[in-house]
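Chain lettering (A, B, C and D) follows the sequence in which the chains are written, and residue indices restart at 1 in each chain.
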Amino acid sequence: MSATPTPTRDLLMFVVFAAAVLTMPMWLAPIGAGYPDLLQKFAIYGLFATGFNLLFGLTGYLSFGHAAFLGVGSYTAVWTFKLLGMNPIPAAIMAIAASGIFAVAIGFVSLRRSGIYFSILTLAFAQMSYNLAYSVLTPITNGETGLRVLRSDPRLFDAAGQGDGPLVSTLFGIEMSGYPGFYFCAVLLIIGFFIAQRIFRSPFGTMLRAVKSNQNRMNYTGLNPRPYTLAAFVISGMYAGLAGALLCITDPLAGAERMQWTASGEVVLMTILGGMGTLLGPILGAGLIKYFENIFSAFNEQTLHRIFGFLPDFLETPVVAITSLFVGEGWQLTLGVLFMLIVIFLPGGIMEGFSRIGRMFRRSSGAKGSHQTAPAE
Amino acid sequence: MEILKVQGVNKAFGGLRALNDVNLSVEEGTVHAIIGPNGAGKSTLLNCFVGRLIPDTGSVMFGNTSLIGLKAHEINQAGVSRVFQTPEIFGDLTLLENIMIPTMARRDGEFALKAWGRVDQDAEIRDRSMHMLEDVGLASKKDMIAGSLSRGDKRRLELAMCLVQDPKLLLLDEPTAGMSRADTNNTIDLLKRIGERGITKIVIEHDMHVVFSLANKISVLAQGTVIAEGTPQEIKGDPRVQEAYLGGAHL
Amino acid sequence: MTLIRKPLSRRSILRSGAAGGLVLATPTIFTSRAWSAGYLNEPTGDTVTFGFNVPQTGAYADEGADELRAYQLAVKHLNGEGDGGMLSTFSSKALGGNGINGKKVAFVTGDTQTKSDAARASAKRMIEKDGAVMITGGSSSGVAIAVQSLCQEAGVIFMAGLTHSNDTTGKDKRANGFRHFFNTEMTGAALAPVLKNVMGADRRAYHLTADYTWGWSQEESIKKYTEQLGWETVAAVRTPLGAGDFSQYITPVLNSGADVLVLNHYGKDMVNSLTQAVQFGLRDKMVNGKQFEIVVPLYSELMAQGAGENVKGILGSSNWDWKLSDAGTQAFTKSFGQEYGFPPSQAAHTCYVQTLLYADACQRAGTFMPSEVGKALEGFEFDGLGNGPTLYRAADHQCFKDVLVVKGKENPSSQYDLLEVVEVTPRAQVEYPAELLGGELGSYNNGV
Amino acid sequence: MDVFLLQLLNGLDKGGAYALIALGLTLIFGTLGVVNFAHGALFMLGAFCAVSFNKLITLQKIIIDPTKTTAWGTPLEVRTPYAEAMFGDFGQWLVNYSVPVSIVLAIPVMLIIGFVMERGLIKHFYNRPHADQILVTFGLAIVLQEVIKTLFGANPIPQSAPDAVRGAADIGAMLGFQAGAIVYPWWRMVYLLFSAAIIAGVFAFLQFTTFGMVVRAGMADRETVGLLGINIERRFTIVFAIAAVVAGLAGVMYTPILPPDYHIGMEFLVLSFVVVVVGGMGSLPGAVAAGFLLGILQSFASMNEVKDVLPGIDQIIIYLVAVVILLVRPRGLMGRRGVMEN
């Protein structure tokens, strides 16, 4: 049995989600993640994964080149800064538009194929973009060093306004770094989530799930899957473009490595890890991976000795030795183990874990309920 | 009036001639059965009607529209629906969604970017779909995942998905294959009820019981050619048919 | 051949760890801009926190590990533990082995992954969460430039680790950023005369260049200086970063008429291209009546290890080498070798020196305020840190010192003894006017 | 002309390497229907079989000489390799031929790794969505990489070819060209022959044995073969182990060309996927053809004459070719309908 959640439940979910996102600085602080940069990354990659999930989770088309849109969004945002000024709004709009156009072009070609052939086509386009951005296109992308805003840039609308201050994006005088930057990203994540939720429940969303379920039947039902998949591809490309723009709004530097296949692979992993086709899963997956990358990599032996300092010496040394394999330079090992454990024990990702816990809870409370009604009979 | 007119259709796969100058005409409102031994070309012919195959030569006219070269979804939008030999449904979706999709396809066309409103709040689509589910007796299972249905239910669901579109022509590829006698009879009843709506049907069927209880007209296909055509009574007595079916051996 | 990691002794960890704990425990909100008074992350307790941002994963992980060892050693020495290393040979005697400005040194570490985005994220964590006043490290120029501009925007000092591109203190220089390591310009100036002496003035060079900014900058410098000395450049071919197999770029060299191959590659690219070039028999070749030669402008010990015996006799340049005979080098090598069991790499050296230089500047300035510390570093003349008399030039925050021309050793005595110093090019010969490389320092940012 | 011939040789050599890596991958795709992101890691493990073998036979006896000290003041250690001390000339020969000899080690090791991987992990993922397969195999690849990194460090570890085939051969002179015009490394020719032999071996195995026949039938139609009552599961294990061995051997023999590090597999992963898909899913000849095609085109695209006209073409040629082929031929060069298409 799986009925679509009612509008009320969806609203509740949205409100809880929005509240959770906005209060992240508070409840993430105890686990060491309550600082602006990581919070921004959570929001931005959450948005990226949400958009990716609209394509992959709903239609089943696995794009292995979505990082290209992240890169295009980033470069467009920085160029907007350079040419027009440091306001984040035009940068975001231009980035969405540019990545949208780019997605139309790549999607139009790649969607002529399905399955792994589609994956490889998208991978090929992204890798070409990456390789060219790194080398031949350096005049546009500034290659390895990355594209930045320079004082000598025209910045039509605010060149005069800024003196010697740092070149960061400002919205109505508020610098988009630190916590203001996080709240800007958070608001966009919430909007992005809201749109994704609407799409999930809309006729369009149903059609996308139909694409995943049975394209043949879809054809014989008088529906043309191509424009549906293309629309999903473009929308998810725009999400990626916006995420790319946000990376530059909070930190005005766009590097080519953002387009590399590893970056595309990362969003795939985020989505699968969290639970593809679910609304919250990809955001959780993104948060988890970014948390490991930023927090687990920061542990060193010093910190470990402090953490395990309460242990007696003969225990402390081996415990630290073993743990140190999984943190610091070994953080990727932890991530690899985590991928395997989750997929082995929780097919369907973290969300599957939640729903299992939920079911267990309901079952036990249900059992209790019947218990209570028994005497009444 | 003829709703479907097939003239001089040929189709070869490599050296194998699957269809050899097939001519067929289906009258509006009738049930037209196509029978024939295995490998006679029945499915190939059906595939030529729905855009899955393109004939090498010949024409397939649906009313005034040529179906040749049209894509599958365009043919459906023109008013031709098809039930498959193995049910093609949206296995990951609920029954209700399975019905809503063709309903929306009929109303909104081959593509509509309706990404905002909730699908379950579209009263028109919902009512129509529920009505259809009730018609085929699946209303109580509307929230079940379609893939978990029994084979018989899947067939009924698929049939409902086609019927909800009010097609002008319904193609049925062995609608009772693999069914028990009781299920078969249910299906015959269901099909007869649809008959009352005046939908033209083309049925491919092995089960002669089904054929003779439904069809107004029968075409017999053997080795890619129509060898006989007529009412059930005429076909029953035709020696060529018997030969085609039984190889003319012992009767 | 791996450099086996040896953990720090427990005692020293506990001591510096206890100090670090206080900083880590401080809630982030109190370290944010709004609260602090004079400058960003002003240390308020009895410790000051440094951020060591090195590659811990990816191709440069071993180099990063070596850098981290050097940093930890530097922190020990600054806090008065161990034998004091180069503190005893350093010409400035401001530091007394009791921390800096009365505060003990603590540190946090992070992984740059040799990616600009990851490096900046890691540096931001150190600044925003851990309250670091100084960020240092890095093993590639793209990352160094990215982190340097971040530190400028945030308002902390950046002491660059291993970065060799001209841009770090040229086109992309920043007031808050300082570099001790040398650059491609100096490599060209130091290497070209030696090349001329060894190979003659009538040579035809073929460049294979990693297709990104550092590669281009290296190619340009070598071209410029060798052409001044009479060499001819036959071709300069760009190769994609991480190509792996370079055979398709090496074969055209064979019949190009060139008699020298210059490999403007670093790290794995260099290991691979050199290994393969030697396999193609280039070094056994006679062209134009001369022995064919290969040149690797920038060497590192780890690359030499990776390329194995293929480096024998191949010329290149280096920032420093543990086999130098000055007192500073000997003190550092002794201290590092005793701690970890093998000699330090040039990456470790530059990172160690940068930490000491920063600490010394803070002590002399009496504060950790970036603008004051920067002024103390600007124009600072010092000696005793392994490179002879050195100047931190005020105009571009670049150190000027002797440059080593090195050669792969024919008969290494151990796995750490792979390079031999051919010539110590005096500082005067590698100096260039600051305007040559363009860029603009801008003004210091204290982050408030 | 000579330039052209050299690039052709390069292309063949690259193609051999690509084909060899892709071969195992497509075998796993075709028979098991599993997207194996750990295939690169298998290649890497193979390479580290060679490294381990070399380390093993060059294990050194360490004697501390208290009379001498190192530059940093600790007593000097004098090292003598055991193999030389114990076996004399044979030991030296062993060290010299360590790369080809380590094949002997790599075959059983890779068989065991393949067997354990399939039985312990992959088996449970046959009927799971591709997404799950990607996640679990990618996780496994990371774990294997990190283990190797912990054991061997991140720096490349050089392995040399035996003296007899070190250096380059003057093919030009043999073919009557000017001496020195066409010079090609011996080891690369060995590698080309080796990959040709392995490819031929795998094909022969599949073509001429009953086992191979069943596997091919399984590739063509898994369900039917299952219905025939043939225990396809056991054969899957063997196929996976064979694929692991092929990938491992490719890794062993590649070490003199590319000093291996823990990350070497990842660098080949994307490429091998492109080769397999361009060749067509589930087609062994397709993978081999695509390997050689891409290798040769990549070599020619790197020629200065080509790069002058189209800057950067050498960096994207593989992907460009992949796009063109997939658009012209929907299922790659020799792919079949329905394999991994949804």
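Everything that follows uses one rule, which is that a residue touches a chain if its C-beta (ideal position, glycine included) is under 8 Å from a C-beta of that chain, and two chains touch if they have at least 3 such contacts.
None of these values were measured; they are calculated from a predicted model.
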{"item": "Count of contact steps on the shortest path from chain A to chain D", "value": "1"}
{"item": "Per-chain CA centroid nearest to the all-protein CA mean", "value": "A"}
{"item": "Chain centre separation in whole Å, for chain D relative to chain C (CA means)", "value": "35"}
{"item": "Whole-Å gap between the CA centroids of chain A and chain B", "value": "45"}
{"item": "Between chain B and chain C, centroid-to-centroid distance (C-alpha), Å", "value": "74"}
{"item": "Touching two or more other chains - residues of chain B", "value": "none"}
{"item": "Touching two or more other chains - residues of chain A", "value": "131, 135-136, 332"}
{"item": "Residues within chain D bordering two or more other chains", "value": "312, 315"}
{"item": "Touching pairs - complete list by chain label", "value": "A-B, A-C, A-D, C-D"}
{"item": "Residue numbers on chain A that touch chain D, as the complex places them", "value": "56, 60, 62, 109, 112-117, 120-121, 123-125, 127-128, 131-132, 135-136, 215, 261, 265, 268-269, 272-273, 276, 325, 330, 332-333, 335-340, 342-344, 347"}
{"item": "Complex interface listing, chain C residues touching chain D", "value": "1-3, 57-62, 65, 211, 235, 237-238, 240, 242, 244-245, 247-249, 251-252, 254-255, 268, 271-272, 275-276, 279-281, 284-285, 302, 305-310, 322-323, 330, 333-338, 341, 343"}
{"item": "Residues on chain C engaged by chain A in the complex (per definition of touch)", "value": "7-8, 10, 13-14, 16-18, 20-21, 24, 27-28, 32-33, 56-57, 61, 64-65, 68, 107-111, 115-118, 120-122, 124-125, 128-129, 141-142, 145-146, 149-150, 152-153, 155, 167, 172, 211-214, 238, 240-241, 440, 442-443, 445"}
{"item": "Of all residues in chain A, those that touch chain C in their complex", "value": "29, 32, 34-38, 41, 131, 134-136, 138, 143-146, 148, 151, 164, 166-168, 177-179, 247, 251, 253, 255, 257-258, 293-294, 297-298, 300-303, 305-306, 309, 317, 321, 328-329, 331-332"}
{"item": "Interface residues, chain A side, partner chain B - complex", "value": "1-4, 7, 198-199, 201-207, 209-210, 212-214, 216-224, 227-228, 231, 235"}
